[in-house]
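What follows is a pair of complexes built around chain A, which joins chain B in one and chain C in the other.
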Partner chain A sequence: METQIQITCEEIAGKANARIVRFVGDLDATNVDYVTEQITNYFGDGLVKIVADFKQLRYVNSTGLGVLLHFNKSAKERGGCFKITNLNENVYEIIEIIGAASLLDIYDEISEAIAALD
Partner chain B sequence: MSDNALTMEISSEWGGAEIAVLKVSGFLDFSGIAMLSRFFDKIAAGNWSYIVVDLAELEAICSAALGEFMGYRKRFVERGGSLVFAGLSGNIRSKLTLLGANKIFSFYQDVRSAINAYKWDYKKQSKSVAISFPAHLALVPPVRQFASRLVRQKGYSVKDAFRVETIVDEVCNNAVEHGIDEPGSAVDVRIAVDKEKIDITVSNKSAPDKVAVLRELTKPQAQGSNHVGTNDKRGRGLALIRMLSNDMDVNITEHGTTVHVTKLREE
Partner chain C sequence: MDLTFPYTISVRLPSDLEIIPSIRKFVSEVLQVSGFSAKFAFRSEIIVDAICNNAITHGSSGGVDGEVELSCVIHGDRLEVVVRDNGGSSADIERLKEAVRRTRLGLPLPDYDSGGMGLEIVKLLSETIDINVDENNVTSIHVVRRREDV
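Up next, the complex of A and B:
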């Protein structure tokens, strides 16, 4: 039984190798494998510039945070990026308190993250 | 006697020696103040300190009667107690609010809610819940979500509830990861909530030969707080718990591991 999380992918006009990926639910130890598989598949398909929309991501724990750092690193190794937007206050606190805010590319709005894509 | 004649009744069966419930029914107008005074004389003689006035069957109340209640409330507050209203109908609540009583008196949905509030506010009682679940990762989310709902129900903020949810999640995940996965092994969680703090205790069995490794892992310097690397996907849980909590104690023996975390109310 996994905690429910849904991931959907949306094209970004004029950015062939980029996608908006929307996270809905909780990201925790029960579903990090599923999420890792999904994002790794995007990378494998050449979609190396990800704008992660966390507007409906309610919860992240330390394991979830670990895979976010992993995605950030993997994307950069592939010449891409993993930009995070629309964090709720509680999730941002977890990221910040563990000292990861400076390691992740975080934006307030999706439009800002898209504008920052190379 | 008409249906809306004023009646009063004192009951002490709800809360024993400290709590009296005064049920006031019918129309409480100026003519009923003498009766009110007599009943409060009885209450004063009974040495109760916390008075719940049950207004569930009150039809009407005049401003003079409200003034009497204010005077009685003042006396009980001076004695370290209080006087509160319970079971107000929409009309009575509106009338009392219009008269400004909501700024002086606490209103409760029913007598039981008022007594629970007394135990919570005045007696500093805690609500304690124990959960035992098989050591499987998939069972951790419902436990953490339950903990969050519990502290919200006790009046803690959304932010405090989220922090408690995170603490319970991280401690339980560690218990499952480092505990023994065998039939009959369980993770035991106890959550005690009072008005000022939440105590979380999580116990699990662990293999005797892992004691030294676990002790090393749980040393604060081994957790790399504020030194987050991008390579490791795991290993930040205890550091996160330490940063979200006010006190944390880990006791590892050959019989198992017990983690105790205290989280003070912040908001």
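Up next, the complex of A and C:
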């Protein structure tokens, strides 16, 4: 079955090891392997500072939340970061309910997340 | 739409995670057509996703040739979701029994894996969650979520 998520990557001017990664669709158990592979490949290429744009991410389930926490940890272990922006209200609420809001780097706007890159 | 409550949607699902997105979205759309808010529908989508995921991953005879039964009873003021499967491995059954015990004591569910987190989210999003395992290891999870705006 076709994955219900699309990921695109965009360079950030003046930040060689950083990328904006845009998520479109639903993040759930059917596509976490695909998403994990994509993000892990970015890390492997030295792109350890990621700004994840969730503007068009409609839905995240518990499995998806698990991999977001994993990406956050993996990026930090590599001296980078995994910053999340543009969360919709429903997805933010689920992150908050499980107590992960304080564990993740969440920003309202992409510009704020980029400005916070070291 | 002039609907008469309650009404029930029942479906038997193959033991395959790929079916869940279609099912959870269907339930969400039915709820919105029935007058429930988009937020209620989203939260219900999370609930249906988590308990179907749990049943397929840990129940339905370990996910091989199994079947999961989902029933959604839509009342005017609440949603009841029941998911049944025909049991998993002995470790899965013990895991669910522990979840039953902890749920009844109001304790957090252990973080075994994302399945454990899924049930914890269900607990946080619902008024009641009841997990039962019968003598034939048929497991069922019964969740009730009330609408906020009535």
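The rule is short, and it goes like this: the second predicted complex is superposed on the first by the 116 of 118 C-alpha atoms of A that agree within 3 Å, B and C clash if a C-alpha of one lies under 4 Å from a C-alpha of the other, contacts with A are read in each partner's own complex, and residues count from 1 in each chain.
Definition applied: contacts are C-beta pairs under 8 Å (C-beta built on N, C-alpha and C of every residue); 3 or more make two chains touch, one makes a residue touch a chain.
Because the structure is a prediction, the values reported are computed rather than measured.
In the superposition on chain A, A:His70 makes contact with chain B only, while chain C stays out of contact range. Of the two partners, chain B and chain C, it is B that touches more residues of chain A. In the superposed pair of complexes, A:Leu117 makes contact with neither chain B nor chain C.
Of the two partner chains placed around the shared chain by superposition, chain B and chain C are both touched by A:Thr30. Contact with both chain B and chain C is seen for A:Ile97 once the two complexes are overlaid on the shared chain. 1, 26, 28-30, 59, 61-63, 65-66, 90, 94, 97-98 are the residues of chain A that lie in the contact sets of both chain B and chain C, per the superposition on chain A.
The touching residues of chain C, when paired with chain A in their complex, are 17-18, 20-21, 39, 42-43, 45-46, 49-50, 53, 57, 113-115, 117-118, 120-121, 124-125.
The touching residues of chain A, counted against chain C in their complex, run 1, 4, 26, 28-30, 59, 61-63, 65-66, 90, 94, 97-98.
By the touch criterion stated above, chain B contacts chain A in their complex at residues 137-141, 158-159, 162, 165-166, 169-170, 173, 225-237, 239-240, 243-244. By the touch criterion given at the top, residues 1-3, 26, 28-30, 32, 59, 61-63, 65-67, 69-70, 72-73, 89-90, 93-94, 97-100, 103 of chain A touch chain B in their complex.
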